[in-house]
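Below are two complexes that have chain A in common, paired first with chain B and then with chain C.
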Partner chain A sequence: MNQQTARMREIARELLEKKEVEMVIGWEKGTFFYNSTPVFITKPEDADKLIWDDYCAVNFAKLLMDYRYLDGKVAVFVKGCDARGVNRLIQDLVIKREKIYLIGMPCPGMKDAKIAAKLGQEKEAEVPLEGKCLYCTHPNPVIYDVLIGDEVPVEIREDRFARIKEFEEKSSDEKAQFWASQYDRCIRCYACRNVCPACNCRSCVFDQNQDWLERAVDRSGNQFYGLVRAFHVAGRCIECGECERACPMGIPIMLLKHKISKDINELFGEYEAGLDPEGDLPLGMYKADDPDEFM
Partner chain B sequence: MQRMLEFVGIDPERFQARWVSGSESVKFATVIEELTEQIRPLGPNRKLRDGE
Partner chain C sequence: MKSLSKANLPQFLEALNQSSQVYVPVVVDGTSRFIPWEQGAELVLDKNSNIPPKYLFFPQTEDLYGYKIYKQSGERTELPSAMEPFVVFGIRPCDVYSLEVLDDIFLTKGYEDVHYKQKREQGLLISLGCLEPEATCFCESWGLNPLNAPTADIMMLDGGDQFLLKAQTEAGQKVIDSQAGLLEEFQGEPPVGKPCTLTVETKGLMERLQPMFEHAVWDEISRKCINCGTCTYLCPTCYCFDVLNKTRGEEGIKYRCYDSCMYPEYTLMAGGHNPRPTKKERVRQRFLHKFQYIPERYEGQIGCVGCGRCIVKCPVNLDISRVITRLWEVEADV
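Up next is the complex of A and B:
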């Protein structure tokens, strides 16, 4: 058992014993070595289920939405990306800061569970990082009540906009062909929407009872779904990469999200969502000198 | 929007955003006529459609 795990259990047990929080959300070991799944702890004696390992990629921010009406507080473990997700929900007025207790986990980057599943445990050392961790700009939580361990040095492994620039060079036919072939695989399971901390609307245009877009799984419907969702989270996307990680069909959804972030940076000035729960959103406010080009 | 459409392979000439007030009927008609004439040579759009 590593140091962080011991400290996690200790903090969780104490919070529950003192009844400071009603529930602790953390990771527990799943069925396989590459599964670290969410666990919801309400009794102090269950705190020993908690773990911290190379596969704690799941972002808990969205799960808080289910527990926002509890009487007491909810404690949740947050990595850098998760903390920005929590900021997203606070800024969107979905949850109140005083209803949650945040335990910060500086994150060295998580491993890719899908590849780990293929390679098997013997070759675990060869498992690469999650795609989302390669582009991570904030491994340390930007908001927390208590931090476990020391902050990790920020190491940008890959420039998230470099691949966008590369893609922009392609001809329009190549681009259309690429996206058509990617979204032809989409099964419209909406996992990307369900896992997204920015997709926190009470009612969603893609729901069954809405008539904005047909539900049929076909080339045009799938691509419009992807594009509409990308625009709905524009300027609010915290780039946690959960949509792409959750996608069972391996569609490179973050390409669309990074493209929008890049455009916002170019048109509205440098902006990273979810760093500060106060502040103005570039697309959430009006200025007389807003560039027309974004339309 | 135009940048995004370009990114998914749509010709940017197919999309324009213009400000037209509800009372500017003549301007509205002119804008639409212009746009139609610009798009005509491009032919029907085959992208973002179902496979044929």
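Up next is the complex of A and C:
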């Protein structure tokens, strides 16, 4: 057992014993060596289920939404991306800061479970990092009550806009064709929406009796879904990459998200969502000198 | 038993394709699924397809009939039925069995789903047995044989540099006879397969679950679920659909489309009441439907064939095999 795991269990047990929190949300070992899965601990004796390993990629900020009306507090372990997800929920007035206790986990980057499944345990050493961890800019939690271990050095392995710069070179026709073929395989399971901490609306436009979008899975409907979701989280997307990780069809959803983030940076100045629970959102406020090239 | 040299597979498929459209498992943009065969197609025969072949018989979106509306009156128009014979090459035994489950659902109890029935009658199944089940496969736990699908028209096994074929129905025998030039008599021993490494206890599961509707374990199991529809949409036995209209001006099409019990909207009633208001009720429904309601309604039928697709694709590793194990572990009383 690694030091972080031991410390996680110790903290969780203590919080539950002292009744400071009603529940602790962390990771436990799942089916295979490459599965670490959310676990919800309510009894001190269950704290030993908690683990910290190379596969704790799931961002469970979103799962906090189920517990926003609890009387007591919920403790949650947060990596850099999880912490930004929590900030997203706080800033969007979905949860209150005083109702959660955050245990920070400096994150060295998680391994790619899909590739691990293919390679097998014998070749575990060859498993690369999750795609979303390559362009991560904040591996250390940006908000926490207690931190386990020391902060890790920030090592950005891949410029998050590198793929965009390449993509922008394509012609409009090429781009349209690319996205048509990507979204043609969308099965509209809504995993990308349901895992997204920025998709926290009480009622989603896509669930409203098909008034806005028909349930028929076809090219125009699928693209409409992808585009509306991308624009709805514009300026609020914390770039945790969970949508792309969760997508069962492997659609490169973050390409859309990064394009919008890049445009926001260029239009309204450098901005990264979810770093601070306070403050104005670039698309949620008005300034007299906002650019208006489209007018 | 006959043998078909692997080098002759394209010729075999081309010959079949003359009389019926042949569907084969191919990777399209990173996802394997059954698509119309064409010369040069690279078949994925080492593992099962990501998308189950169910959709050849029960597509995700399917037009049912057309209509015209003129103010207070209207008329119904039949859509052209273009159903011609087709062949599914390389369907796995678990997926063949899933069609038997769908047969019970769509064709028994006094109602026949004509859209499903047409395709089922036209589809010929050439099944490929699994010599080495994947780590997420557990069909054997449901009493299925990864090497044999008894209701497939032709059963096939990988024999190294050749495929071994055995006709199991009259239609299958016709195919074998028609391709006699490419096939040889096989006398040797057929290959032996490995067992599934993932196993669960399924005996008596229905009876076990009958008194567990209100059990606290459903709350525990459902907590990590994000209520997306991945597991249901990739499941070869899930069959829920919604019937909807696509109206454009005075004309429209009535179509059906997969629906998922994972969605709150699935049970939302007029007036706003929802009998399955939280993920607990929805997750419970998914598992009880598979393990209790289907066996109850269709006398011992199973609602899961152990293909493992939901285990592979669940974004939070809500593993159906672990759920079954957990359902056995907990104390039966609430």
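Quick note on the criterion: the second predicted complex is superposed on the first by the 290 of 295 C-alpha atoms of A that agree within 3 Å, B and C clash if a C-alpha of one lies under 4 Å from a C-alpha of the other, contacts with A are read in each partner's own complex, and residues count from 1 in each chain.
Assume a contact is a pair of C-beta atoms (placed from the backbone, for glycine too) under 8 Å apart; a residue touches a chain by one contact, two chains touch by 3 or more.
Predicted model only: the values in this text are computed from it and were never measured.
Q: When the two structures are overlaid on chain A, which partner does A:Q3 contact: first (chain B), second (chain C), both, or neither?
A: neither
Q: If you stack the two complexes on chain A, which partner ends up touching A:K259: first (chain B), second (chain C), both, or neither?
A: Touch status of A:K259: first partner only.
Q: With the two complexes superposed on chain A, say which partner A:L227 touches: chain B (first), chain C (second), both, or neither.
A: First partner only, chain B.
Q: With both complexes overlaid on chain A, does A:Q121 touch chain B (first), chain C (second), both or neither?
A: neither
Q: Between chain B (first) and chain C (second), which does A:D218 come into contact with in this model arrangement: first, second, both, or neither?
A: A:D218 sits against chain B and chain C alike.
Q: In the overlay, work out which of chain B or chain C sits against more residues of chain A.
A: Touched residues of chain A are more numerous for C.
Q: After superposition on the shared chain, which partner residues are touched by A:S172: those of chain B (first), chain C (second), both, or neither?
A: First partner only.
Q: Considering only the contact definition stated at the top, list the common interface residues of chain A for chain B and chain C.
A: The answer is residues 184, 218 of chain A.
Q: Which bits of chain C are touching chain A when the two form their complex?
A: Answer in residue numbers: 28-31, 50-51, 60-61, 135-136, 220, 223-224, 226-230, 232-234, 242, 244, 246, 255, 257-260, 263-265, 279, 311-313, 315-319, 321-322.
Q: Write out the stretch or stretches of chain A touching chain C in their complex.
A: Spelled out, the residues of chain A in touch with chain C are 30-32, 35-40, 58, 60, 62-63, 66, 117, 181-182, 184-185, 187-191, 193-195, 207, 209-210, 214-218, 242, 245-246, 248-250.
Q: Provide the residue numbers of chain B that touch chain A in the complex, in ascending order.
A: On the chain B side, the touching residues are 1-4, 6-11, 17, 47-51.
Q: Contact residues on chain A for chain B in the complex?
A: So the residues of chain A touching chain B come out as 167-168, 172-180, 184, 218-220, 223-224, 227, 230-231, 256, 259-260, 263, 292-295.
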